[in-house]
Amino acid sequence: MFGAGRIAEVHARSVAATEEVELAYVIDVDESRAQTLAQRYGAKVGSQDQVLNDVSVGAVIIASPTSTHADLVEVSARAGKAIFCEKPIDLNLDRVKQCLKTVREHGVLFALGFMRRFDPTYRDLYVRLRAGEIGEIEQISIVNRDLSPPHLDFIGTSGGMVRDLTSHDLDLARWLLGEEIHSVYAVGSCLIDPEIGKRGDIDSLQASLTTASGKLVQISESRRSAYGYDQRIEVMGSHGTLQAANKLQSLVVHGGSAGATQARPVSWFLERYADAYKAQLQDFAEAVRTERAPLVGAADGLRAVELTEAALKSMRTGSHVIVDEAD
Amino acid sequence: MFGAGRIAEVHARSVAATEEVELAYVIDVDESRAQTLAQRYGAKVGSQDQVLNDVSVGAVIIASPTSTHADLVEVSARAGKAIFCEKPIDLNLDRVKQCLKTVREHGVLFALGFMRRFDPTYRDLYVRLRAGEIGEIEQISIVNRDLSPPHLDFIGTSGGMVRDLTSHDLDLARWLLGEEIHSVYAVGSCLIDPEIGKRGDIDSLQASLTTASGKLVQISESRRSAYGYDQRIEVMGSHGTLQAANKLQSLVVHGGSAGATQARPVSWFLERYADAYKAQLQDFAEAVRTERAPLVGAADGLRAVELTEAALKSMRTGSHVIVDEAD
Amino acid sequence: MFGAGRIAEVHARSVAATEEVELAYVIDVDESRAQTLAQRYGAKVGSQDQVLNDVSVGAVIIASPTSTHADLVEVSARAGKAIFCEKPIDLNLDRVKQCLKTVREHGVLFALGFMRRFDPTYRDLYVRLRAGEIGEIEQISIVNRDLSPPHLDFIGTSGGMVRDLTSHDLDLARWLLGEEIHSVYAVGSCLIDPEIGKRGDIDSLQASLTTASGKLVQISESRRSAYGYDQRIEVMGSHGTLQAANKLQSLVVHGGSAGATQARPVSWFLERYADAYKAQLQDFAEAVRTERAPLVGAADGLRAVELTEAALKSMRTGSHVIVDEAD
Amino acid sequence: MFGAGRIAEVHARSVAATEEVELAYVIDVDESRAQTLAQRYGAKVGSQDQVLNDVSVGAVIIASPTSTHADLVEVSARAGKAIFCEKPIDLNLDRVKQCLKTVREHGVLFALGFMRRFDPTYRDLYVRLRAGEIGEIEQISIVNRDLSPPHLDFIGTSGGMVRDLTSHDLDLARWLLGEEIHSVYAVGSCLIDPEIGKRGDIDSLQASLTTASGKLVQISESRRSAYGYDQRIEVMGSHGTLQAANKLQSLVVHGGSAGATQARPVSWFLERYADAYKAQLQDFAEAVRTERAPLVGAADGLRAVELTEAALKSMRTGSHVIVDEAD
């Protein structure tokens, strides 16, 4: 486990819940933090060399800061380890390509952390779409609204809202469509906190995508949602719709003088996607064990960065950007 | 039109909206009230004799106080008029029987004001039940909760909550079941206003009914509902359920920090059953015109009083009361 | 009443339901159709000259084919009549401007038929937005999906889906925002019926709008909706959301082995917007009577055409189009 | 662990998920079944004497057939073990009293398996009721409908539907009310399978309860629900309602020509109450560790049997049964 922060802890817990997998080492620049995590999950604190040279280590989980991902992917690939890498591989498209070339050359298994694809609700949606329950897909609408904006310090290191948030939805769109994105239009605003704007970022976004066959996708994102973490997807097809509703905090409904009130959605991604994180790690473990491809791989990571860059370019130019499929 | 009060106004409006029917006379002890209503709907104020002797009058609507219903039914029957009578015919079972005997003897058409049966939602429910959409009916649950208790003066004249409110649900139950009630258990409480209890009435009630074939019906009533006029029906059958939901004040849903809130139900029976009142009068008019039986007739009125009396007896004794079907 | 077709009949019914207004003449190229409508609503068949010269006629309703709107507006304005005109005024922007100049010069009252603004659900939404119930508006999502495509003959005369359908949503967006649209991006596809494409039209559309202050609006439209006429609006603000839900055919919910099923939405605009059509005519009548401005006027009609043209241009170029506010 | 059947497996899993508790022995008449369960959870197969004499065993879980509960409770109490016992303690009221006297005399901790009280949804409901969110409770409605009837062999050994199913709802009613039941009326039918009737049991039931202060409770039960395992509770108070909705199999909603369909409820108690079973065992473990009373104790078990017997008596006599509180 590279990293010992919040998301590393999530993966460590998933490892503990997965059969036939054991957490061996935790590596972090903050040694005491590494120590705490290692102890909690029965692992040792190790150095990078130690881990990569340990032949009993079959796979690495890269959950360190984004700026370290690409380097760690490359050294791990050279050491022949299977790799699970948090998204994004890198903020720079060329660096991503280079990095994945190294992965390919060393023939190691590579899985990327788009955990939303493992959410039971979205999987149910996906399976029913593929089964043809609503015929041919025509339009998709994705809503992705955080409860409240991240700490301002995060704005700088995150690469901005499009790389941090929109990349997830671009990946979801490709996956649900079963078809590549052809054009990307995006427009953003700073409506919530002017400080975000001063740092060159946005806090509200809309995107409009098309596929080569003319399917249409809408994305609506916000850094703040006064009514709870909002994660809805609606797919309209030739024979009907399928909607993935929010997961609510309680099944109790209150009836009062203002009307009937349902509980609000759960508050953030770690609660909403708790099952998804577990399923994602299990998929990785099974992929390593059975030598099959993981559900989200290198090509998905590359495509996400390409689409993210296209969205950023569209926001700058006011025109939609055609994304070359043969890339 | 006998009566010129609130419910008479409702019927007058329905008459105006019904083709081939015209309001000729309004009769009320309060002449000025009669005058107002008559003027608004293009009618005259008349005396009882005048109306009953006027051969151009084919039908009467009895919307005067309950204590006058039976007498007016009888004189109208003797005058050969078709009769629409607000429920109940009378609070006394023997008087009801006597009165309906007179109706039968003079062979006039008689319709009773159980307007709930004409509500579009309940009619949809009824039609689908009869079409077998949920197989054999097994259990019915009826919720009937007013927004707030009636004026204390009304408590005395109404004959009490069971005669005023429960009679409607007993009629609905019979109608939806398509089968007669066999046993009636009822229990009441005074939970809302002790003044109601001091006048010998209750404000909260539960009833449990059975049919000869073993079908089960639950009724839950209250004189107060802090969350709006609550009028739900749920029917469970061998193959599924059908639920009649409340009619809401608006289709706008608010999402806030407490969760998503629907509008509350409309506030009272005149709003909830506005369409029902219109359809009821149209049914009466059509029945008179085509000489067919109205949808709710004399036998339904008699049965409602019998069941109401059974509920009252059950409340006194703590035992369910078997209602003789051959009555 | 100019016109005697389907929408003319709707307006004739609304006139009949509005106090202090009477339908005097019906004018249509198809005389027998004009005769039928006139007879049903107690009017005469008249010629254009007769109507415009009749001083007892205070107002005209233009419900004839689109190509005749601008001419009829101009002759009516010159005759000093108050004008209610079905949208659009004309498919050509210059013609619209010229026509409205004539209206202005003759100082007659002019109302435009964007009936959606009069829908009780949308009005509730509007009132609550203006009351600040969800704080500052940030994002709006409008879904507008017809049950099934119009007859192919209509495709040619309608001016296409953007002029026919999108114009309504562009007007709704302006009205709900309380702020002018600044940029318009639109993209369309032909996914439902290739014959529509062959006639140069689309059947599926997405639009993304912004205001000068950065508010974002998404529109999703389709000519076919397998699950019923879909007319939803969702407004997200700094303090919460307000959603306008579909009007369902029944309040009865079925529970079966597949789950709980609500009734589907009502099937088409004449049913969904029945109340809106009535309220629209009442607003026009009241505006004429009290010499106030109607709720939807000439400026709204002009702006709708400008935005519609912008959407068409965006679809051709792939870039968003900045709409000059000072137009 | 006494017993190695289905419910014993559930408890064994909960033990494994509870910190500071370890499963030591499994005891069952079917040795191979005991062996399987013991192996899976790292325990040994033991004899009754061995277990009760082992001082390292602090607590026993009684999950064997109902007929063995009372005896096992007594020998465990005499051995000084803390006791978790599946409900019911015994089908005979006198035997229950005798058994609990033994428990009292030996001063051991005793917890009863009414797992519904530990369900997160019901706990949320309970906490909000106690916090006064809807004011004074006036009416409660409990719906408890199994997906399909149990195996006919079970009908005989279960003590019948009232003891098997209704006992849960009687306990829920007491708990939610925060007040004792005063009167019990119940009526049952055999509507689903005549074979159940031939074995002297019912498959459909309605009960109507009151408290001394006049609060009203309705229970509706069935052995079959064509639309999924139905477990709803609705509490109406002076200021509003609180409803506990069913847990659905998926958050995906399908929209088709028949309308919008939610997923159906999860199919049976082991899925619906999975969290409840875990929380129940954790409560027991914590009660033993901290020497506090468990949330559901001996008095609750006794009261449940008293109320169950009252319901059975009411079904025989047609009268409600007054339940003496000083018992």
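Some notes on this structure:
In order of appearance the chains are A, B, C and D, and numbering begins at 1 in each one.
Keep this in mind: a contact is a pair of C-beta atoms (placed from the backbone, for glycine too) under 8 Å apart; a residue touches a chain by one contact, two chains touch by 3 or more.
As the structure is a prediction and not an experimental result, all values here were calculated from the model.
Graph distance from chain A to chain C, where chains that touch are one step apart, equals 1.
Judged by shared residue numbers over all numbers used at their interface, chain C and chain D contact each other through mostly the same positions, with over half in common. Relative to the C-alpha centre of chain A, the farthest chain centre belongs to B. Chain geometry summary: the mean Cα position of chain B and that of chain D are 41 Å apart. Chain centres here are Cα averages; for chain A and chain B they lie 59 Å apart. For chain B, residues touching at least two other chains, in rising order: 134, 226-227, 239-241, 254-257. Under the stated contact rule, the graph of chain-to-chain touches is complete, every pair of chains being in contact. Listed in rising order, the residues of chain A touching chain C in the complex are 134-136, 138-139, 141, 145, 183, 185, 187, 189-192, 204-208, 210, 214-216, 218, 220, 222, 224-227, 236-241, 317-320. Interface residues of chain D facing chain A in the complex, by the touch rule stated above, are 120-121, 124-125, 128, 133-134, 239-247, 250-257.
In the complex of the two chains, the chain A residues touching chain B come out as 226-228, 248, 254-264.
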